[in-house]
Amino acid sequence: MLEVSNLKVCYGQSEVIHGLDFVVPKNETLAIMGRNGMGKTTLFKSLIGVLPSSDGRILIDGIDVSKKESFQRVENGIAYVPQGRMIFPSLTVQENIETGMEVSKLKKIPDDIYALFPVLADMRKRKGGNLSGGQQQQLAIARALVTNPKVLLLDEPTEGIQPSIIKDIANVLNEIKKLRDITIIVSEQVLSFTMAIADRIIVIDKGSFIHEDLREDVDTDKIKAYLSV
Amino acid sequence: APATSTGQAVTDDTVTVGILHSLTGTMAISETGAQEAEKLAIKQINESGGILGRQIKIIQEDGASDWPTFAEKSRKLLVNDKVAAVFGCWTSASRKAALPVFEKENGLLYYPTFYEGLEQSKNVIYTGQEATQQILDGLNWVAKEKGAKTFYLIGSDYIWPRTSMKIARKHIENVLGGKVVGEEYKPLGDTQFGSVINKIRLKKPDVIYAAVVGGSNVAWFKQLKAAGINSKKQTLLTISVTEDEVLGIGGENLEGFYSIMKYFQSQDNPNNVAFVKAFKEMWGDDSVIGDVTQAAYLGPWLWKAAVEKAGTFDVDAVVKASEEGDIELTTAPEGYVKLHPNHHLWSKARVGMWKKDGQAEVVYTSELIEPDPFPEGYQ
Amino acid sequence: MSFVYEKLFGDKKGLIGFCILAALILVVFPVMLDSFRLNLVGKYLTYAFAAVSLVLLWGYGGTLSLGQGIFFGIGGYAMAMFLKLEASSPENTAIQSTPGIPDFMDWNQITELPLFWMPFHSFSFTLFAVLVVPTIFAYIIGAAMFKRRVGGVYFAIITQVVSVILTVLIVGQQGLTGGINGITDLRTLNGWDITSDSAKTLFYFINCFLLLAVIIASRFILTSKFGRILLAMRDKEDRVRFSGYDVANFKIFIFCFAAMISAIGGAMFTLQVGFMSPSFVGIVPSIEMVIFAAIGGRMSLIGAVYGTLLINFGKTAFSESFPELWLFLMGGLFIAVVMFFPNGLAGLWEDYGHHLTKRLDFIKNLFSKSKSAADAIELKGSKS
Amino acid sequence: MNMSTNTDFTLAIEDLTVSFDGFKAVDNLNFYLDRNELHVVIGPNGAGKTTVLDLICGKTKSTSGSIKFLNKELTNLSEHEIVLAGVGRKFQTPSIYENLSVMENLEISYPKGRGVFGSLMFKHDAVVRDKILEVATQIMLEKALHTEAGLLSHGQKQWLEIGMLLIQDPQLLMLDEPVAGMSVKEREQTAELLNKISEGRSVLVIEHDMEFVARIAHKVTVLHQGKILASGDMKDVQKDPKVIEVYLGH
Amino acid sequence: MGGYSYDELGAIFAMQGFAGISLFSVLLLMALGLAIIFGQMGVINMAHGEFMAAGAYTTYLISTLTETYIPAFMPYYFVFSIAAAFLVAGTLGYLAEFILIRHLYKRPLDTLLATWGLSLIMQQSYRSIFGAREVSPTLPEWLMGAYPATDMIDIPINGMFVLGLTIFTTLAVFYLMFKSSWGLRVRATTQNRVMAGAVGINTKKVDRYTFALGCGIAGMAGAAFTTIASTGPTTGTLYIVDTFMVVVFGGAASLFGTIASAFSIAQAQSILEFFISGSMAKVFTLLTLVIILMFKPEGLFASKVRR
């Protein structure tokens, strides 16, 4: 599980994330929603450690990782699917997935990954950079899943993915949550996808949380209103 | 006290000179010995009372293997430091770059390297041999001793090897009645001689005549050996290997090949024994002395002789004294040298056969040869 | 007025910087230095042409050339050929087997002046050649490479290879070029002794004016839309293409322009130093020119001049004081600048100059308070 | 089924094929686009949509086939010539000059001073300024004119790129997933924008967001494995079982 | 070719083949280290030649020590000195990465300047420690001669030794970079350092060891080259341009390209040199290279990735 307290992030002088506090227990999926430029990506980057946080604590299963390098955070169980894919373009698809297996010590790519993204199996030997946009996005998700994370961060994971696969991804995330002890945090713009996976929804605005709802209580119109201020 | 010339760095008890060699860059390899020898000579002169009662002070500059830097530093030594003489330069290119400065500022340069000739400046004393003094006797010697008729010429691609080869070819064809079966130049610093060696095999020359310089030399000899070409099968005569180069090449790779120089460290005469001893005392037991090093050592002594004859440090007077043809050094390690009015030295040519320990055995010594920087019939 | 001013000097800080540089090289140096040192500075300033050209080509254009020495050399050689012919009058060369041709040709058994040397009897042709030959040469290389979209490190290595080719050719064809010795012993220009102190001083000032003119011309390019396109190309070349620009043409132009200014530097070098040699065409000087630009701050035209001066002063001073160890100091200097001042000297000036302009702004604001609405979206001057 | 070579279409793609090491990403494609038409191309990931745009704008060279734009063959033109002919394209991942300000991004896209000497003499006068301001307002970035483009959020970058195309005023505008990463509200705004700008030119859009597609499309084409699977208006296509099978999901 | 017998021509043909192959192995061995440091990591390491020199000096040092203290070991020391050269140059590389290079990954062109500075410092260190003159280790007898295959064909043993070492090193590098999981980490890191960290790769460690490995291989090359050339403070500068050329011409990120490039440059140079002068052979080889690069702008074996 993930505990974050008083997290602040700055780009140079300007503070973009203003002291966030939140806790996500095991087996919960938290969706973070917000308009463009409100700090979702920034928040994720600081959780995985590619952006330094200027203040605050990040605990994974009680272990403070806020001073650690990102590879150590991954070792402690975070996995990250960045916005904009960021796959390794000149590695083959298979090698791309294998980079995620350095941590989990898996020997072979699990079959269920290829079952979820059949296209990746077909294109195993192709260079990652030659895939189409949506294929790359699928690859990035696969790469994160093979690390066997305790906390999975997904920054707009459905961007550029075809509707049928979005549905599959939603099913898989729900499945994983049932099978493993996992915490999922996802930032999303597509409300339908969010509603399909999230247990709880938080709206972020200008680097602060302004609204929080459990899925059961979500009033879609209200959320929509928050998102279009 | 004798008159001092105005404008020079001369006080009542000191006189300042410059040393200008490459301490850095590719040429430092060759020039280190020269500047060591010059410092030794100056130290010895100072210990024996200096010149005209003055101790010599040295300002050293680094030419950095870069010709324009030689020009810049020459100007600095002459204009800023007003030195009475400069001992320096090694490559012809650096001399050519510095020469106009010496002529403009009326300085005096003692240049130690064997070189291509075709030059005679009022402001330079050439203490090394010009091409004819080095080349002709060597060729005569192999023609006679080894019965050589066919020659393969190989050198680095720049002016000194090319000019030397030009003279060699004329001599081989016109005087010795021999034949040049190949002539080859490799870029400076090149380390691949495989193809050339194959060509040489194909031509089967009686003599390989070589003027490869610097680091290339090492590759050249190691690869010759590796190709199975050694002194048992093949005569090789080079004009560009001295004890300095042997250090890098390794005596085992040169064994039995010949160099033609005017000086070898192994020369057995009292002058040289004393010189070698003093040099090693100053610069360490491991140090070796090559032809240019010895020629550089002559510089300060020749200057001392000329200054004392002129009674002044004034450049014009010193040059004039030098041009009278009667300045000689009986104490020269190479034996005996005399300064010719054309600013070059009378010297002997010697053929040395290299031994495994990196020393050469002198197998031939010529008569004293008159320097002739503009040789008739060889241009 | 303000248009022209912006075009030529950039923002206010640019103008101040320019004036300080002009004052330094035109007044301070000539007053403070003796003729030997002034001539040295003059020599350094000829390298500054190449450094400035690299600011355009590399700093803004994003195209690193490791062969600016090629053009510096061609310019220098063109000038040297003219001066050498003048120095090789039949009277001066009477002792040669063929009087009237350069001495090195005579040593190489050449008996007739080669055809391509002939036009260099004319001074006006020589000036023309200094400017045009390198430009054409750059055009050929540039068109061949940029049209084929050779870029980045590939281009850098190719320029390096070309400079090796040229060096090998010059050294190998010594009968035509003077070989490794270069073309030496140049003494007069149309009968006027260029080795005299007065000639050197005059050349120094000509050199300074040319350098300042080149900086202004470069400023003009950089502040125009062309300059922004250069930056855009460095950032995302493909996008520029898809905005309708023929990217290759822009690169060719800036490469040619850079070649031309480097060549001016080369020609001024020959005039001030009195010889030209293949060691300027080679790789080491070419890399050093890049270092001058980098030390100055690769985005700053004026910084390039200071970078050149600093490194060369350093070289001279270190090597005079520590002839045996000065390379440690030079190496350390490069590393220190890269590590601690990633934006070079210009980075320092950014910080310091900031205070200076603020003060000026304050004074100016006392007099005029109005700020038009149009000002609000007026383009910010580029970063030099 | 060879059509006459001269057509009234803005864009006529005929028998277009491209293969990468034997893999046919676009396979014998025929496709036509009218003036004033806003046409959306959908299809599974890897269907070849982006590749088609790459072919039109000259980024990728076709293996065979022809692309005619206003009766001008594009397949042998270079990228900038295609732009000059009137084609503008937005990339799937926003492609802007991150180190330049929004203003400078737009200025560079302004269709004047595109030659070497033209750009040297280009004057940033009131006309240019007004145009930039106008486009910036359209893309809701008028307050961010002096912001460095790299600092914009993902959605803002998308808009900026659209703005860079608008200022060129192209006859054919091609947008690859323009609303990816945008929030609901922004999608709506973008849809409005697209509806507005499709007047007087042809627009080709690639999108996966069906709501958005429904809102803008005049006509929809479904691409699958480099071939056209279905084509028509949105309602029909959405009901097509083949489309549901390979693309929409059940 | 008038005047020569078939035997002679055949022999020359064979020998010429060896000349080309030995130049090939030299070029490739030089380039392997740089193919990792520059080709994979993107660091423009102008001090690469100096790392080679470090290996050469290590060999010299070990040769001298062996000769003085355990002369009986002389026939064998060379093999150990190659390992030592690898370790010494690798350690120097490790330190250089730690002190210098790691701060510059975001500014790859600055690595050119910093490593140029580094190369000056290293050269001067060699000069201060070993003197300005060239040195040469005493090589074991077995390495130096030629193996007379026929009475006309002599096969240079040092050339074969370098070839063997080159093949071994190339295979090792290939395995390490493309077949091992460590290689996967290296390639991921060099393509996207930030993202590699975010999938759990210790990028700092990878960078440091990769750089050290590249330098170590340079050191091995330096040790091997003592059999064919000399060692001096500026030895490295002789190699650096050719080395970059080989790597770039091959297509920077492709090991196979590096091999092909070394092979074609070597063959062109050695065949041409047989017919025209060394200088002109060099000019033509280089010119051909420029022209080929014009048509293959990203090198012989550019990796084809969609942009």
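Just so it is clear, A, B, C, D and E label the chains in written order, and each chain counts residues from 1 on its own.
Operating definition for what follows: a residue touches a chain if its C-beta (ideal position, glycine included) is under 8 Å from a C-beta of that chain, and two chains touch if they have at least 3 such contacts.
If you're wondering where the values come from, they're calculated on a predicted model, not measured in any experiment.
Shared contact partners of subunit B and subunit E comprise C.
Hopping across touching chains, the smallest step count from subunit B to subunit D is 2. Look at the CA centroids: the one farthest from the centroid of subunit E belongs to D. Subunit A and subunit E have Cα centroids lying 44 Å from one another. Computed centre separation for the pair subunit A/subunit C is 52 angstrom, with centres defined by C-alpha atoms.
With centres set at the average Cα position, the gap from subunit A to subunit B is 75 Å.
Centroid to centroid, with C-alpha atoms defining each point, subunit B and subunit C lie 38 Å apart. Shared contact sites, meaning residues of subunit C that touch two or more other chains, fall at 168, 171-172, 238, 324, 327. Residue positions of subunit E with contacts to 2 or more other chains are 123-124, 237, 277, 279, 282, 307. Looking at subunit B, residues 23-24, 157, 185, 187 sit in touch with two or more other chains. Remark: subunit B residues 23-24, 60-62, 64, 66-68, 71-72, 75-76, 79-80, 91-93, 96-97, 99-100, 104, 116, 118, 157-159, 162-163, 166, 185, 187-188, 374, 379 touch subunit C in the complex. Only residues 11, 33-38, 41, 83-84, 119, 130-135, 137-138, 156, 159-168, 189-191, 224, 227-228 of subunit A touch subunit D when the two sit together in their complex. Against subunit B, in their complex, subunit E makes its touches with residues 4, 8, 11-12, 15-16, 18-20, 22-23, 26, 123-124, 127, 131-136, 138-139, 144-146, 148, 152, 154, 156-159, 227-235, 237-238, 269-271, 273-274, 277-279, 281-282. On the side of subunit E, the complex with subunit C involves touching residues 44, 46, 100, 103-104, 107, 109-110, 112-114, 116-121, 123-125, 128, 237, 241, 244-245, 248, 252, 277, 279-280, 282-283, 286-287, 289-290, 293-295, 297-299, 307.
Every residue of subunit B that touches subunit E in the complex is listed here, in rising order: 23-26, 28-29, 31-33, 157, 184-187, 189-192, 194-199, 201-202, 215, 217-219, 222-223, 225-228, 244-245, 247-250, 252-253.
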